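Each of the two complexes below includes subunit A, the first together with subunit B, the second together with subunit C.
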Partner chain A sequence: MPRRLPWARTLGILFIVLWSLVPLYWSLNTSLQTDAQISERPANYVPPGPTLRNYHALLTGPGEIPETIRRSSLNIVVECTAATLITVVLATLAAYAFARMRFRGRQLLFYAVLATMAFPAYTTLIPLYRIMSVFGLVNTYTGIVLVYVSGFLPLATWILHSYMTSLPLAIEEAGQVDGAGRMQILWRIVLPLAWPGIVSTAIITFLFAWAQFLFPLVLSSDLSTQPLTVAIAALQGRHVVPFGLLNAAGVLALAVPAVIAVSLNRFIVNGLLSGSVK
Partner chain B sequence: MTSFLRSRTLLLTGAAVLVGALTTGCGGGKSSSGSDQTTGVTITVTLATEPPPKASLDAFTQSTGITVKWTNTDWDSLQTKIAAAATAKTYFADATNVDWSRVGQLGKLNWFHPMDEYLDTKALAGEMPQLPAFTSNGHVIGIPYDASFLVTTVNKKLFTKAGITTMPTTIEQYTADLKQIKAKGVAQYPLNIPFAAAEGLSTYWYQTTAAFGGTILDGAGKPQFATPGSPGYRAAEWMVDALKQGLVPPGNINVADSQGQQTLMAKGVVASTFADYSGNVGSLYSVPASSTVVGDVTYLATPGVSGPGPNMSNPDGIGIPRQAKYPAAAAKFIDWFTSAKNQAEFAGAAGPDKVMPGYFLPSRLAGMTELTQKGKLIGGQQLGDLLKNSAKPVFPEGAPSWYPEFSKAVYTNLHAAATGSVSTADAVKAIAATADKLSS
Partner chain C sequence: MVGTRSGRRHDVSPAGTGAPGTPRRPGRRFDLLPYALVTPLALFIVALALFPAGVTIVQSFFRVDELNPPTTFNGLENFRHLFADGSVRSSLVNTGLYVLIGVALSTVLGIVMAVTLQRPFRGRSALIAVLILPWALPGVVEGIVWTGIWDSNTGLLNSVLTSAHLIPEYQVFLGQHRFLTIFAIELVQVWQMTPLSTLLILASLQNIPGELYEAAVLDGCSPWAALRRITLPLARPGIAIAMVQAVIATINVFDQPYVLNGSADTGASLTMQTYFISFQNLDFGEGYALSLLITVATLILSLGVVKLVYRQVEF
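Then we have the complex of A and B:
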């Protein structure tokens, strides 16, 4: 048996942790410095005199930036929440049908749904844009949310399908014996049991939606629908890059998913591992 | 334009352009049927810049009946939007960005209305020296709204401190001066070259090639730099050698153009940027909040082989996409937006109330003259002369449609040469091979 190398494991973990956290720290570090401090040589590894001026400029400063940040923050919350709710509802129904109902072509249909995940998202950008344009849905919440739902539904269905197939069938059969219909079984038996899986699916969907840039960039034309991720990019000047401002905006955009990921980590892991062990 | 930002979406935009080329090829690039209405309409203008003052836009609305809805989208994202909208044949704006480097692509794909349908572009040409850079297939597809070109900047204080009292006029003298600055310990690394693998490195090389007396491509797109001893070849060698000789900070391997200007030149770390942005002395180096070298940096006529060389133009333009709803109204706006009076006012000739944030150099000579005469442009006289006499397009016959792919080959190979992973000779060879392949 090979000897265990605890120091190698520790070193590996340390490397991965640093690899992941240093960019985040650097963003926070930059956001807490003035432009002059940011361009000092050598670079400041900790803010010499931490300042919130970049955050003030973003949230309460003069000009259009605060309004842009506020509105785009609202947009991203609305779009992500709506997409998450719709995706979870549809995915729950679809996953239950694929997991428990027997109908012709069930397997084929299920794998067809999963296969859509293999398509690179970029290949669908232009057709979706065209479709949204034809239906007058460009630059609307509806258009953006529909695109999100279409993109995240297969993964959500897959996660919930895995979760539901791991639930004991006997309880549902007992319900059936007691005369409960499909929807009653789903509503009263399956959903309470699958609740952790549904929560994890919702979190994963929300985080994915929050990270979107390209689709909302193309599908939104102005601040009425632009999410925070798109608005942040517009902070770049034509000839000058406002490093402090951009990093502060990045930290703000990161805050919500970071809090969700840290506080609800067990649900996320639960959802991703569901069905892996039976 | 801040060029290092551009590489991020290059792949996606390229893919969209490819799809666009195919669909245009199949569909014949059909024109949209926009309305000719020019009163009582609202047009959307999408540019990578903040809007003119509200009062100015309101005055335009009052005089024309055209309301302007302005959207500020960063340059990279905007190129993606333009490509996506044109490919999907979908409206997104009535007037938007036409960058000098995209003229070939946009013209070939027929994504923009020829401006000569709406404006007297022949008359404009005499007033806008950079207009020819926006010509594709004999049509002007965008009107330059600023006068961006590459220019050498020097920190005179550091030059003087090193005992240099006469500013260099040749590249040989310029190089010797930089070495002297280093030798005297005035600046450890006196020259700023942004060696990060980004568009800024490509444009730096174009400008250096011009200084060595050459061009990058001929009219057929064939490389003019493949032979050792040719200006482009020597320019590449000069740039890489400058790094190897310690004239350029070693960290510049990962420094992009605007980053170097903001963190090196504006802080007095380096003494010169050979290919700088033409507005930087006024907009960056003379601004106390962003600079520690206020009053020390000036423009310098490009040191060339035997005297001042040309300055490569890289202006931003504005044009009308094929899917515009109100192209005629958009044309009226463009005419107004690029008028000499407005340009001068946007750049500060009539006081801060009429300033358009981020706008520094009028593309019209009259606008530049007015600004200079009112003393509102630092180095205005010099910039005006450069714009009129030595600002030349990088590609005299318009940027080729495959420019983004070529530029990528330029900056990745020059970056590789700078890191030492390939020789300069191999880098130039690879760039030339790319140009040969793309142009054949």
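Then we have the complex of A and C:
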């Protein structure tokens, strides 16, 4: 490692902290002010009298904007949870087969999974919309969740495959000698060993699903399925929406992924690195 | 062949050799279990990834208008229309700028941050938690967050610059000058991409043996020379992967310009044009053609970066 340059590293640390946190702080700061305070010049670098009225208005107030935010928050939670559960279950089964069994077509399917990771997601945007509209799945939870699962399965399978192939074989072989079936071995031996990989995969899938915008913008035509991300962008497009309210909605949309990222960052780092470096 | 030979034994070893002493059932029955395990994945991949990708490729060469069927082959007509379209050409330039600025900035910042984190220190894992925060957040909401910085009436940047007397009065940063607009928008995407770049580069740095640096110090090598002669060359695999993910993200940029600058020509990207052409003009054929071009450009650029930057590194 480079010779000690304490001031350089201190500068680097300071830069990382400011770079990551200043924009988030600014949004939080805005959300805690009244609209009159927000428009003061120079701006208030700390809220002069921190107020939760924007949050209160969004979470409990009447009116179109709060109702939109509340409904779309429900939608995003339903869609992300369903997509994550299905993705992780299907990816675990497939990764186990790829890692521990030999079967005809294994190579071909594995390369197909890798190939889908190579092209950009938006390549399939228009066809997916048309497929969903043929089956009447536009503007349904089912349609959105199907599209999310198809998008996230390849990476999830890849991460879990890397993880499972790195597990020692000896324990599974011992299970085999004891007469355990293969599904029993998966359930009793592989899953308990692979759980950090499974948690990583679930977190990364959930965060990806939470961040989706263009797919639900196309696939959800109204509030019955629109996730929070789409609803917030629609609010932002209308100039009448007050800045404080908009930022409070933004902070709500950031809170879930931010808490996950900060508290479970170790799993994210491991998952991302096993997913992209090999 | 392999399928039938495996029978019903649990084929745990990847090489298919099985463990000694494994009880084998003699049957030659077809082994259904692996197929049952991968079928859901295969269905999703084929029906909702490979088939749609094929549709995009094929239908790029067709006139596809849902409101005015039938769908007919029209050769390169869609592509000709795209190149004749002023908005598409302007978005092509914008996207080129997004890619250049985004890949360059995220790589440089990624290297700086990775070098900062290279050596263990107290609080490093907390710093990594702070570092990955922008990566984990939705691009759309990040657009809203950064609106608060760039805004012409209430923005942080205007307030700071006027207080410091660097500008006489509040300025409009977005939507006036193309380069400034694109830089401001791309910075938001760089904010989102850089954590992953940093982690990828950091993973490469962790493989560099410490003795290399010790030897360099003994030879009187300055920290700057060590960075240039040891760290950067040996980090090339990580830097290449970081640049590839930046290429893919920037060439497909949508959320940030859509939220920060709307459909205005000063910032519209090619992916935004795909969306407008397909879902506002309902011209799916042209939308397919543009998606195909973006996909091909992504693959070519990614391969180019790998060829230029990637080097096998062995210790």
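Simple rule for what comes next: the second predicted complex is superposed on the first by the 258 of 278 C-alpha atoms of A that agree within 3 Å, B and C clash if a C-alpha of one lies under 4 Å from a C-alpha of the other, contacts with A are read in each partner's own complex, and residues count from 1 in each chain.
Here is the rule we use: a residue touches a chain if its C-beta (ideal position, glycine included) is under 8 Å from a C-beta of that chain, and two chains touch if they have at least 3 such contacts.
Just so we're clear, the structure is a prediction, and the values are computed from it rather than from any experiment.
Model built by superposing both complexes on subunit A: subunit B and subunit C clash. Of the two partner chains placed around the shared chain by superposition, subunit B is the only one that A:Ser221 touches, whereas subunit C remains out of contact.
Once chain A of one complex is fitted onto chain A of the other, the partner contacts of A:Ile159 are absent, as it touches neither subunit B nor subunit C. Using the contact criterion defined above for the overlaid structures, shared-chain residue A:Ala234 touches subunit B, although it does not reach subunit C. In the overlay built on the shared chain, the residue A:Ser39 is in contact with subunit B and with subunit C. Judged by the touch definition given at the top, the superposed model places A:Tyr122 against both subunit B and subunit C. Contact with subunit B, but none with subunit C, is seen for A:Val138 once the two complexes are overlaid on the shared chain. Contacts of A:Arg130 after superposition: both subunit B and subunit C are touched. Once the two structures are overlaid, the count of subunit A residues touched is higher for C than for its counterpart among subunit B and subunit C. Comparing the listed stretches 45-53, 171-179 or 405-413 of subunit B against subunit C after superposition, the clashing one is 405-413. Where the contact sets of subunit A with subunit B and with subunit C meet, they give residues 38-39, 41, 122, 125-127, 129-130, 214, 217-218, 230, 233, 236-237, 243. Those residues of subunit A whose C-beta lies close enough to touch subunit B in the complex are 35-36, 38-41, 64, 122, 125-127, 129-130, 133, 138, 214, 217-218, 221-223, 230, 233-241, 243.
Considering their complex, residues 1-3, 5, 8-9, 12-13, 15-17, 19-21, 23-24, 26-27, 30, 38-39, 41-43, 90-91, 93-94, 96-104, 106, 109, 112-113, 115-116, 118-131, 146-147, 149-151, 153-154, 157, 165, 169, 172-173, 176-177, 179, 181-183, 185, 207, 210-214, 217-218, 229-230, 232-233, 236-237, 243, 246-247, 249-250, 253-254, 257-258, 260-262, 265-266, 268-269, 272-273, 276-277 of subunit A touch subunit C.
Here subunit C touches subunit A in the complex through residues 1-3, 6, 10-14, 16, 19, 21-23, 31, 33-35, 37-38, 40-42, 44-53, 55-56, 59, 109, 112-113, 115-119, 121, 125, 127-149, 151, 153-156, 159-160, 162-163, 170, 191, 194-196, 199-200, 203, 208, 210, 213, 217, 222-223, 226-227, 231, 238, 241, 245, 248, 251-252, 254-255, 258-259, 262, 271, 274-275, 278-279, 284, 287-288, 291-292, 294-295, 298-299, going by the rule given at the top. Across the interface of their complex, subunit A is touched by residues 1-2, 5, 12, 15-16, 19, 44, 46, 48-50, 69, 71-77, 80-81, 84-85, 87-93, 258-259, 262-263, 266-267, 269, 277, 279-280, 283-284, 289-290, 292, 316, 358 of subunit B.
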